[in-house]
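I've put the structures underneath this note.
Common to both upcoming complexes is subunit A, partnered first by subunit B, then by subunit C.
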Partner chain A sequence: METSSRVPARPLQYGRGLRPLSIATVVAFAASLSLVFFYAPLEAEQGFLQKIFYVHVPLAIVALCGFVLGGLLAIQHLRTRDPRWDMRSYVVIHMSLIFALATLITGSIWAKGSWGHWWVWSEPTLVSFLIIFLLYATYQPLRFAIEDPERQARYASVFAITAGAFVPLNYVAVNLSTAYLHPRVFGSTSNLPASMSFTLLVSLVAMALLFATLCKFELTAKHARSQMRALRRRLAGESLDAPRGRSAAPAIPHATASGAGRVVAAPTAGRAVL
Partner chain B sequence: MSGVQAPERPVETARTAPRTVGLWPTVGALLRKELLVELRTLESVPAMSLFALSTFVVFHFALDRNSVEGDLGAGILWVTLLFAAILGVNRLFVADADQGGFDAFLLAPVDRSAMLLAKVLTLLAYLVVLEIVAVPAFALLLLGPPLGPALPGLLATLALGDLGVAVIGTLIAAMAVRTRSRDLLGPLLALPLLVPIVIGGARATEPLLVSAHRSAPAARWLLTLGLYDLVFGLIAFALFDFLLED
Partner chain C sequence: MSALGLVVAELPALPLHTAGKYVAAAYIVLFLVVLIYVAIMGIRLSHLERDLGELLSLTASSPEEEHPAEPAPDTGVGAAEQQSDAQRESAPA
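And then the complex of A and B:
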């Protein structure tokens, strides 16, 4: 086992498909931006400012779906106990948090432009995003506060599932509490002109592709960094079983050498030793 | 081999071992232990009640008002109860984590869910005692309109709200207690999850606390609270076991 897994069988496993995915993202974004600026009509009341709608709404939808997806991946982690699912859940939630922050910022800009205030409590999407953002902002502090990697992964998954279920519930609760005082562009898709809803759809696809590419990129980067660390340690003659530093990010379970995997996969390693 | 695997797979062991104690007797025993410990140490409930009273005084000076009603009154009541509850949530598992209560419980051949149920009932009991102190004090110190006619609706709303706080509080307390910064993480994790309860609770209480045109709480808020309690009850039931392994 020691010798066979020294050299990874598939060194760029995480990186496979990254290039086509990136190209697809660039193409989709070019298409979406051309549609936004040259095809979609100017909105009668808000004019050019309304174009931010094609960024804000896809960002919001992708971030929400990302949070729920993070919960689903966490369920898979708790069922299989495979640390790779924890890694995926971590990356998806991490990326969704960034998208949620971008949603808050673009929503704020839109609110300032159309209603004159940076923050509007009567806009349920914005308010529920703030609550969700505040909740997920504790995800990494929670991970960071638990040292044992196995327990960190397990607790993070419990959090991810709870928070993933909270996302739709919170949205409903905040929606209920809000009176619709302001005119809304996006009440439902049915009252949107066909050219606008088509542009929105393309923008949504582009944003989803961007999300997938960034997640894939982060997974690949983490994998490469962990391989690099394992190689460097072996060059320096250090033990691969040496404990890694405290971190909020999950370690790559099946990095280059078998020893690096043993740090995280404690139950398996324990059984092998016994 | 089974002896070797026992510490690694306690779930299976617990299920296959001959079970001599059922779920409810276990819950009863745990609940009795919790309440006995609380009665002897008086660690949580007096602190929660005192905190609520101090908060009412703080609100009086911060708002510079002698009496409140309507939405403001409902908001003050719910915020105070929520922050007082957070104090209890923070203490809920500390003794078990520090003094080996978890280990003893894991060694016993009983259902893990008993711990969840017992802790939820414990926190519920704390909250009921807290409200027995805090609600009359609120009526006495700050509330403008009389409390009497509002009481039935208020009790129903508080009961539904308490259940949600107890379930979410227990889940979060179990998650936060074995981290480095548990006093910090507990409230940070719990508050966003409790926002829908504040929304439902405050909106349902609001029409009860007005002096003119008093009306019953709208059914949709009670329904929201009930549904939220149910969903998080199921989530806590499904996930609590994972927090107890090791």
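And then the complex of A and C:
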């Protein structure tokens, strides 16, 4: 199924830089955990329970930033019609959704330890984050509902931009709310000591590196699989224009050495580009 | 006592009282997320390895005489067509 999308002339190598990124992630996480448990002091009110924040807050920040980043990548896709940007937006949103789920779970664990309840519906921060999570949970079904790859990529990009704009608006709205119980980590009410702020910063860097590494792993794996399918079709002498199966995942373009490329059908889900 | 044991003995004890189980649970969630992802990637890698094995057997069982190299499939544009044309022209009759 040929598309009119522009396909990059240079061969893609998603795996480039994966090893140093992975090593940096492991080192950052080791430093983060060491600081959390052996450097950061115990918080006066919450005591040891406050250690959850060093995983919960970075998870939330990285997930929300990932959603916004997905929207920015989608803007780039609509501007250039290059399917690479759609693929990146898809992977970033997919990973952010997993991080957001982990945020909800760790937040619930903290709420149970601190408030005695797994969930408090009257707390705007919790409910607004849940709304964002549920909003992005519809992203995959939306993609899957559209069979045509061009339309699928376009509609998904529009969704990602709209939802991505909703995230900062939601953050501002929650901050304007006066009746919150949820502790503020950043902002005027924050009075974290330097040792805690430093630990939180290192944890945030470690989480961001983990996010970047997992996204890169995902892109590399999808790219390798699409190349394998394309090679299989070529070796089997099958037509490259056979109709593709329905899939939520976008096409991964990769250029041949000659620079020409196109989207072709995959035997099952997904597509390959030759 | 080993060097690691000495280091561990010097570290301050963690106050794992009532809050310990909640903190442990939160960090286990993060660990599980990464672990599940690694497991999924492992499954994908095994599929990739299997596919690669099939392709290798396909190339081994299909000598070039049975499946002569075909020109680049249909609408290869630009440089791809030129390259395949050049290959056809340079091939011996």
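Rule of thumb we're sticking to: the second predicted complex is superposed on the first by the 226 of 274 C-alpha atoms of A that agree within 3 Å, B and C clash if a C-alpha of one lies under 4 Å from a C-alpha of the other, contacts with A are read in each partner's own complex, and residues count from 1 in each chain.
To be clear about the criterion, a contact is a pair of C-beta atoms (placed from the backbone, for glycine too) under 8 Å apart; a residue touches a chain by one contact, two chains touch by 3 or more.
Note that the structure is a prediction, hence the values are computed from the model and not measured.
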item: Fit-or-clash call for subunit B and subunit C when the two complexes are aligned on subunit A; value: fit
item: First (subunit B), second (subunit C), both or neither touched by A:131; value: first
item: Residue contacts on subunit A - larger count, subunit B or subunit C; value: C
item: Touched partner set for A:145, first subunit B, second subunit C, both or neither; value: first
item: Touching partner for A:158 - first (subunit B), second (subunit C), both, neither; value: first
item: Partner chain(s) touched by A:24 [first = subunit B, second = subunit C, both, neither]; value: neither
item: Partner chain(s) touched by A:166 [first = subunit B, second = subunit C, both, neither]; value: first
item: Which superposed partner A:177 touches (first subunit B, second subunit C, both, neither); value: first
item: First (subunit B), second (subunit C), both or neither touched by A:109; value: second
item: First (subunit B), second (subunit C), both or neither touched by A:78; value: first
item: Computed vertex angle (subunit A) for partners subunit B and subunit C, CA, steps of 10°; value: 140
item: Distance in angstrom between the closest Cα atoms of subunit C and subunit B, superposition on A; value: 17
item: Subunit B/subunit C common contact set on subunit A; value: 274
item: Residue ranges of subunit C touching subunit A (in the complex, touch as defined); value: 11-12, 14-17, 19-20, 22-23, 25-27, 29-30, 33-34, 37, 41, 44-45, 47-48, 51-52, 54-55, 58-59, 62, 67, 70, 72-83
item: Residues of subunit A defined as touching subunit B within the complex; value: 78, 131-132, 134-135, 138, 141-142, 145-148, 150-151, 154-155, 157-159, 161-163, 165-166, 169-170, 172-174, 176-177, 267, 270-271, 274
item: Touching residues on subunit B, where the partner in the complex is subunit A; value: 4-5, 8, 171, 175-176, 178-182, 184-185, 188-189, 191-193, 195-196, 199-200, 203, 220, 224, 228, 231-232, 235, 239, 242-243, 245-246
item: In the complex with subunit C, residue positions of subunit A that touch it; value: 2, 37-38, 42, 46-49, 51-52, 55-56, 59, 98-99, 101-102, 105-106, 109-110, 112-113, 210, 214, 217, 221, 224-225, 228-229, 231-232, 234-237, 239-241, 256, 258-260, 262, 274
